[in-house]
Amino acid sequence: MTTEIILQAVVTGLMMGLIYALIAAGLSLIFGLMDIVNFAHGEHLMLSMFSSFWLWSLFGLDPIFSIPITILLMAFCGVLTHYFLIRYILKAKMLIQICATFGLSIFIRSIAQFLWTPDFRNIDKPLLEGRLEISGMFIGQPQLIASLVCLVAFILLYLFVTKTETGLALQATAQDRHAAEILGIPSDKMFAIGWAIGLGCVGVAGGMMANYFFIFTDVGINFALFAFVAVALGGFGSIIGCLYAGIIIGLVESLGGLLIDPSFKLLYVFAIYLLVVIFRPQGLFGRY
Amino acid sequence: MDKLLIAKSEPLWNTDKRIISLIGGLIVLLFALPHFGLNSFYLHLMIMIFMHAVMAQSWNVIAGFSGQISLGHGAFFGIGAYATSFLYVQYGISPWISIFLGMIVSGIAAVLIGIPMLRLSGHYFAIATLLIGISFQIIFQRWEWVGAASGVWVPMTSGDSWLALQFHSSKMPYYYIFLVFFIITFFLVWLLSRSKLGYRLRAVRDDPQAALSLCINVSNYKIIAYVISAMIMAPMGSLFAQYILIIDPDRVFNIEISIIVLLITVLGGIGNVWGPIVGAAILIPISEYSRIYLGGTGGAVDLILYGLILMLICIFRPEGLISFFPKNILERKKQR
Amino acid sequence: MKILSVENLSRSFGGIKANNDISFEVAEGTILGVIGPNGAGKSTLFDLITGYTKTDNGKVSFFNKDISGLSPDKISSLGIGRTFQKLKPFADQTLLENVMIGSFVKEDNIKKARDKALEIIDFVDLIEKRHHFARELSTGQRKRLEMARAMAIEPKLLLMDEVTGGVDQKTIPGLVELIKKLKKSGVTIITIEHNINIIMEISDNILALDQGKRIAYGTPKEIQQNEEVIDSYLGTVDAT
């Protein structure tokens, strides 16, 4: 167990962590706006990965070039989700809201399975491939680029929410929908924008991961779980919390897999979640 | 004073004679059904309905009666399944005894899981239960002592055996065993909903802060509900193990179990004792038939329907299908 | 006979002293009115007494027994009931079921609990609405539901938080009568009120709070003439 191997695991964990952070940020944004947990978040990620795949498989578009399309598709998907489902359950009891997005996740996953079969796919020879050697560590190029892109996207998201007019309007709606309405900020539109951006984040993450990850209908499940954990760990409603939490999760997964046993990676992440929320129910930065 | 006397003289419960005879008649019918020449498929269908109705009722107790949304309830099903099969294979213990052992283990698991989770509520709680459910699957997949991923294969007895709870000549004995468990469970839950405990659980569900002001120790009652719910679920796992005789983590700890009990209850009517029956009676036939008519891809189409139905119910009829029934069949009678 | 004794009760929330060294006593069978501007710490005081919030400092005694730090359900089982400023009815249950949950505290038998609940519902004059779901009731009716529910646990001390807030003018005399009936039946009452006329009418003593501190304690007459209270809250009270 050399320091190089541990360092390698740390870097891998950090890189995955940035991706988890972006996925979680999308989830957190939606929750912050309307108090709804998108239990279909993993399936949306899966759709974005398949979007990259089909654009490559059918039209020969390399993922790097199809990413803008994927992002737009996912943003559109977000708007559709809001208008055809979420709008009707905004006032419902939490149980019903949970069941609704849970139902959506089942629906999306099984339609995908029906149309595309559960087979594993991957993109052959994307433009982004190969490994870099940096001070004794081997880092996959697509992985590195993916995490950097996710980090940039995260920063852009943060700046958008805190510095732009629309972002501030979103924050206003998140804090007090009615007061914001009185000030002329239409909640319905804000929610739709929230869903568009939230799923857009997923589109970035999924589009980048399509370069090197296996693509299959169940791929979203683990990511969804980690995203839930990240949002709860960071604190529901806190975008910055997602960054810290995402990185923590990435590191725990990577180091736990290395130092203890790789087949229980999920359990280590779950354990962290349980420990944190039991002792600090609102998460690290939560406002719950 | 007048009005008070009238109010006091009202019956506590809706004891409409017609409903009691209707239910009585149904029970007699259910007992007689196999003798009308039902073939193996229909027996299987009824068994699945009984089983899922009880499983959904278990979830109804924790979510509908006490308001704790558990997304990992399948864990207790798995515990029950492993209890009977494993103890029989390893130690030769008759499943009849192991059913109760499984209930006890489930109850203890519910306490051990429930206590640390008392601090969680709402989404945090739901996600935690989801993680716990999946953790059970992962742990059992790698636990060598109970067979890891291959699980437990219960050796078949030659011929029928009541002692080993295995029947090979016909599904009828299974039918009756499941039917009896079904009736007993529903009766007990019905009693629960009308008891002081039931009232207090609903208080915990509707407003824990107010419940505290009424001398209700919310934490204790949450655990009680969790334990009762677990002990209802476990026997179904146990009987299922005896029904299919091959148990592995993917079959008895998978997330679909948690999904389907949720779906059945919400579809039928959460919080209502009859909800799970209505939900199971509608959903299970759809599931079984789609499996037949849609062949190999049956699995996925099942789920497509589940997802769709769940979403539609949430949008259009969150109180469940039971709300379509005329009022006098429901538990309570309202006077306007 | 002293039913409640509060000594040096303090509680801060992130730097703000919501309750600052508050002390007072309540004699059995009396009504104590609690007044003060918004944010004075009145509801916090209730939360501290009933165990919903932990105290930073101080002691609460009920019939000379120290109840500081006990959980809300233990405190209610000792005989202290309360209503909430932000109403908390069991929305999906009927009025009768709401009150029955209260009467189950003293009564195990369902029929007896139901009958006791009916008596209390009659006492608050809502018997016709007994089978209505709580969410269907008007604000005034919900306030009476909370009172009935709290009364059902047969408390010796009842803490009421703004029972006349947001209620129609015409229903107020009814509520006032109710409170007087309660006092006659032997229940000690502490009530937070903004309606000065009511407070002056029903209270035996009044506790005035401002910015978390006790600024006055006395009979209605004394309070009306207290300079500090007039400055902070009452304004100059016209002769009624």
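Per-chain numbering from 1; labels A, B and C assigned in written order.
Basically, contacts are C-beta pairs under 8 Å (C-beta built on N, C-alpha and C of every residue); 3 or more make two chains touch, one makes a residue touch a chain.
Source: prediction; values computed, not measured.
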Lowest number of touching-chain links that must be crossed from chain A to chain C: 2
Top chain pair, ranked by number of contacting C-beta pairs: A-B
Distance-maximising chain from chain A - centres being C-alpha averages: C
Separation of chain A from chain C, taking each centre as the mean of its C-alpha atoms, in whole Å: 48
Chain centre separation (chain B, chain C; CA means) in Å: 42
Interchain centroid distance [CA atoms averaged], chain A/chain B, Å: 33
Contact footprint of chain B on chain C as seen in their complex: 50, 52, 71-73, 76-77, 81-82, 84, 88-94, 97, 100-102, 104-105, 108, 110-111, 113-115, 118-119, 121-122, 127-128, 130-131, 149-150, 152-153
Contact set on chain A toward chain B in their complex: 31, 37, 85, 88-89, 92-100, 102-111, 113-114, 225, 228-229, 232, 236, 263-264, 266-267, 270, 273-274, 277-278, 281, 288
Chain B residues within the chain C interface of the complex: 3-4, 7-8, 12, 194-196, 199-200, 202-203, 206-207, 209-218, 271, 332, 334-336
Touching residues (chain side chain B, partner chain A) in the complex: 63, 67, 69, 71, 116-117, 119-124, 126-128, 130-132, 134-135, 138-139, 142, 259, 262-263, 266, 270, 297, 300-304, 306-311, 313-315, 318
